[in-house]
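Below you'll find a set of structures to go through.
Below, chain A partners chain B and then partners chain C, in two separate complexes.
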Partner chain A sequence: MRTLKLKKGNLDTFLAKISELGELWGPRKKGEVYIYDRIDDLRDLVKEPVITFLPIKKLFLPPRFQMLHYDGKIYEENINQFEQRIVYGVPPCEIHSLLIFDKLFGLKYKDPYYFKRREKTIIIALSCTPSSACLCKSARTHVIEEGFDLAITDLNDFYLVWVGTSKGDDLIRAAPELFDKNVTQEDIQKFIKWREVRDGKFKKSIDFVTMPDLMDLNYNSHIWKEFAEKCLSCGACSMVCPTCNCYDVIDEIELGDNSVNRERFWDSCMFKEYSMVAGGHNFREAKAERLKLWYTHKLKSFTDAYKKYSCVGCGRCVITCPVDINILSVVEALLTGKVDKDSLLTEKGK
Partner chain B sequence: MKKKIGIYGFTGCAGDQLTIIHSEDKLIPFFDKVEIVSFRMAQSNNKECELDIAFIEGSITTEEQKKRLIEIRNRTDILVPIGTCACFGGIQSMKLGDGKYMDRYRKVYGNNKITIDKAFESLPLNSFVKVDYCIPGCPISSLQFFSAFTKLINDFRPVLYEFPVCTECKWHENQCLLTEKNLPCLGPITRAGCGAVCLDHSIPCVGCWGPVDEANIAYESKLFLKQGFSSQEIIKKFRMFGGKASQELVKSLIKNENK
Partner chain C sequence: MTNPYFPEPARIVRKYELTKDVRFFQVRFIDTERALSFDYKPGQFMMFSIPGTGEAPFSISSTPSRPGLLEFCIRKTGRLTEALFRLKENDEIGIRGPYGNGFPIDAMNGFDLFIIIGGLGAAPLRSLILYSLDNREQFGRVHLLYGAKTPADMLFREEFLELIDREDVECLLTVDKDNSGKWPCYTGLVTSLFNRIEDIKPENTYACVCGPPIMYKFVLNELVKLNIPKHQILMTLERRMKCGIGKCGHCAIEDIYTCMDGPVFTYWDVLHMKELI
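Up next, the complex of A and B:
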């Protein structure tokens, strides 16, 4: 992998240059949150690493999108109209979530809606330092070896740029004069120091390796019922989770001409109707069963099938669930057998 | 043969029927694809005959309405309440079951006797007849109504979301008012379908689509208690749009409070 240096002041010039090669996307501010969005004005782009409200999955499988249109005779799939995109600012944990999706959606029947967008997207990863809910070091997703075209690490004096693919190399070639090939021993030391500082900043950790066993042992534990008592079944955890990928498909009929739009939208196994089948039977009617499924998937069964946890440690569930059911509180309960029934994510207001 | 459709209104603001009439881009196919046999707000010469589908707005508050509702049920294949009043009882049933109905009655009508009909506390349609689907909203969303309408007239089951507003709110990437602003938001226990429209404008959800089947009222109220609201304020909030469904739901809260 080629590594280069980019001067601090040259990032904007570089981004302006490469935005000629495709639509530039990245985090921007919306009210008090950050969202991935198309960037028309470079001043809107947040160049520092941030945790966006929804993870990167929304750029590849939007919350709700039209799959195809059927006019009564022929159907037209909406998969060939995507523009070339360059996404800046993707943190390592989310690169790992895309690697998980690549596996999941790339099995025997490849998901064209995902892969067409994926093929049209160049990814510029951005190393970050952990915030209080980050668990990527535990999940081993704080480092990346693949899944990006360029990766940028901010070493204060300059950026270290890793070229991951030939597409990434093409970006460099758009403005080679901005880069310095000469990575010195001093630079390497700076990088090592930066890594040490980052690794020392994690406030929470989870021993993921031990989780499959603990999930097995806790299969009949009372903790699931206790969490179920708290759970609002609001689906927020699934929406913000970078690896949750369940969806529903609906055909919307147009009243005027009886044409059909087939739409696909995010679903959650936390919803009662998610596991409802024909005849009104529901094989996961109890909330406790649904919660157990969610965490079994994240901590155990995905590991069995793909040798990888499907939690990338982004911490979004930790900062989102109003009743404090998240990867941290569940792991805590798996370890201690205790559920804190009073912990809630709201404070005295008014 | 075109399906025969009737659209009726009982006690409510007529906003749901108005939403249909205000869907100008759909009106021509709406009157063309089916036979609208009865829709008093939109046409004259209505006839009362056998129906394929009846869409009914409003709650039931008098004996005469009750009789009429049962009569419509008897001559329609499918009956669909539209709007939160018809589905849950609406704001006019926020005090349902408090035992003070006659006090309120006297406050409005004094000791005058109403002779034309006998009134009672506002109730949703399913208190008297079987309903097949439920299209809530205050008022209904045109998008959701016509999606269900088109499905039904083509002999498909309509798809009506049973998940809460939070889901749609997250899709729109709105900062959570409940956890980040400590505001009493009913999003987690309220039916989606509105498109999180209030939340898009940073206004907490007031629950106007009615409660979801699995509404976790116990923990929703714990959140509000922590925010500093009193039990009375919380119950009021839950009952504002929740009608008969929330009457049942808050029972456990009242029990705890009395302990």
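Up next, the complex of A and C:
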């Protein structure tokens, strides 16, 4: 992979230049949290790495969107209207979540809503240093080799820029004068040092490869019932998880012309109706069963398209769950057979 | 990029009552070429789309050996089936598919078939029965055991009664209760018919089961006692589905999707994945 250097002061110039090639998106502060949003004013863009409230999946599968329109005679789709986008500031863990989605939404039947947006989106990844809830090193998602067009590592004196794809190369070509091709031995040493510093900052770790066995062994464990007693079934874990893909579909009838919009929106296996079939039979009536499915996917195995565990270690469930049911507290319970009743098992991180 | 969520226009050709709450639907793609070339496997399903109501999966009850028309037997249980029941012959609906793995027809070649149906389980298994009768040389002996609550609850009753006289299939029908006194076949649970089948060669038999959840426990037990290998005991299952193509997540059981890896599973799958039945 080609590597270049970008001077610190040149990032803004570069972003301004490439925003002529497509809509610029990236993290922006909104109230207390960061969100991925369209950036009209570069001063709104958060250039440092952050963990946004909702993950990058919202750009590829919005929380709610129209799949089909029925005008009374025929169905119509509108999947050819997406604007070209350039997203800045996607952390490595979320690049991995997109690689999982590429497999899931591409297996056998290609999901056009996902892939059309994917095709129209250029991704600039941004290496980060971990916050207290981050588990990407454990999940092996702190390093990226594919799934981005450009990747930027902030080495204090300058940015190291990795060119991942031909589209990424096009961005460089928009302002080649800003880049220095000469990566010196000294620069390499700076990168190695940065990596060591980052790797030393992780506060928590999970031995992910040992978890599938523990999920099997704990299948009938009381821990699931104990977690279920705390769980509010709010589904927040699914909304913030970068690898939760589930959705529901509903037909909305337009008043007046009786045309129909078939809408797709985020769903969660934590909701009671999730596994209910016509006639009222529910295959996962108990909260404990629903929690178990969620953690089977995150810790053991996630669908045919992606046999491995799907947790990418972003830490959002740790930050978000109001009753501290998260990847850390569940792993702790799987290891010890005990659920921490006092809730605040894990320190809150931002 | 083709859109796999796009329903194809089809027409309800025939619709009539099978039982009080179950209707038979004959459906045909409006495009003639599509209707005639459409291929599928017994055990697969289609998604029905009714604009304004939504989509739901239904097992195909017809056989690919009789192309042109697709048949379904559908019980009124929810919003979509209510809307479907209101439609009339010649009305248009959207369909897409076929989805799911279906029965492993190629692997079953040369084997005896031991088909066990409870109640509505006839919907997917009728496809396999008709397929095996149309391709009789592909299979060894064919046994069909069907149990329903009452004669009135038996789906395709006349069709199955006619099979009793045929020499190339052994068809045993039973009902839990017969108030009419006119039922010409057996009374009792479907498992009570097992000992009427002689000389089962377990190694050379595929058992195919579909029925209400309660039935599986008893039937599977009996089949294991007969020494039919676990991977030759097949069953077809039901789950909530929104897409049918492995994306929406609703039919997930551990790390598999019923719509892609099922709905036909083996008894080994059931033992392996605890949430299957």
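Rule of thumb we're sticking to: the second predicted complex is superposed on the first by the 338 of 350 C-alpha atoms of A that agree within 3 Å, B and C clash if a C-alpha of one lies under 4 Å from a C-alpha of the other, contacts with A are read in each partner's own complex, and residues count from 1 in each chain.
Here is the rule we go by: a contact is a pair of C-beta atoms (placed from the backbone, for glycine too) under 8 Å apart; a residue touches a chain by one contact, two chains touch by 3 or more.
A quick note: this is a predicted structure, and the numbers were derived from the prediction, not measured.
In the superposed model, A:Cys269 makes contact with chain C only, not with chain B.
By the touch criterion defined above, A:Gly31 reaches chain B but does not reach chain C.
Look at A:Tyr70: by the touch rule set out above, it reaches chain C but stays clear of chain B. When the two structures are aligned on the shared chain, A:Ile250 is found in touch with chain B and with chain C. In the overlay built on the shared chain, the residue A:Asp41 is in contact with neither chain B nor chain C. After overlaying the two complexes on the shared chain, residue contacts for A:Lys300 are found with chain C alone; chain B is out of touch. Applying the stated contact rule after C-alpha superposition, one finds that A:Glu289 touches chain C and leaves chain B untouched. With both structures placed on the common chain, the touch criterion links A:Leu54 to chain B but leaves chain C unconnected. Counting contacts by the rule stated earlier, residues 250, 253, 258 of chain A appear in both its interface with chain B and its interface with chain C. Residue ranges of chain A in contact with chain C, taken from their complex: 67-68, 70, 72, 74-75, 77, 79, 104-105, 107-112, 115-116, 219, 245-251, 253, 258, 260, 262, 267, 269, 274-279, 281, 283-284, 289, 293, 296-297, 300-305, 307. Looking at the complex, you find that chain A touches chain B at residues 30-33, 35, 53-54, 63-64, 229-236, 239-240, 250, 252-256, 258, 266, 268, 271-273, 287, 319-320, 322-323, 342, 344-350.
Residues of chain C touching chain A in their complex: 1-7, 9, 51-56, 75, 77-78, 80-81, 94, 213, 238-240, 242-243, 245-250, 252, 254-257, 260-261, 274-275. Residue ranges on chain B touching chain A, taken from their complex, read 26, 28-30, 33, 146-147, 149-151, 154, 156, 159, 162-164, 166-167, 170-171, 173-176, 178-184, 187-189, 202, 212-214, 216, 218-220, 222-223, 226-228.
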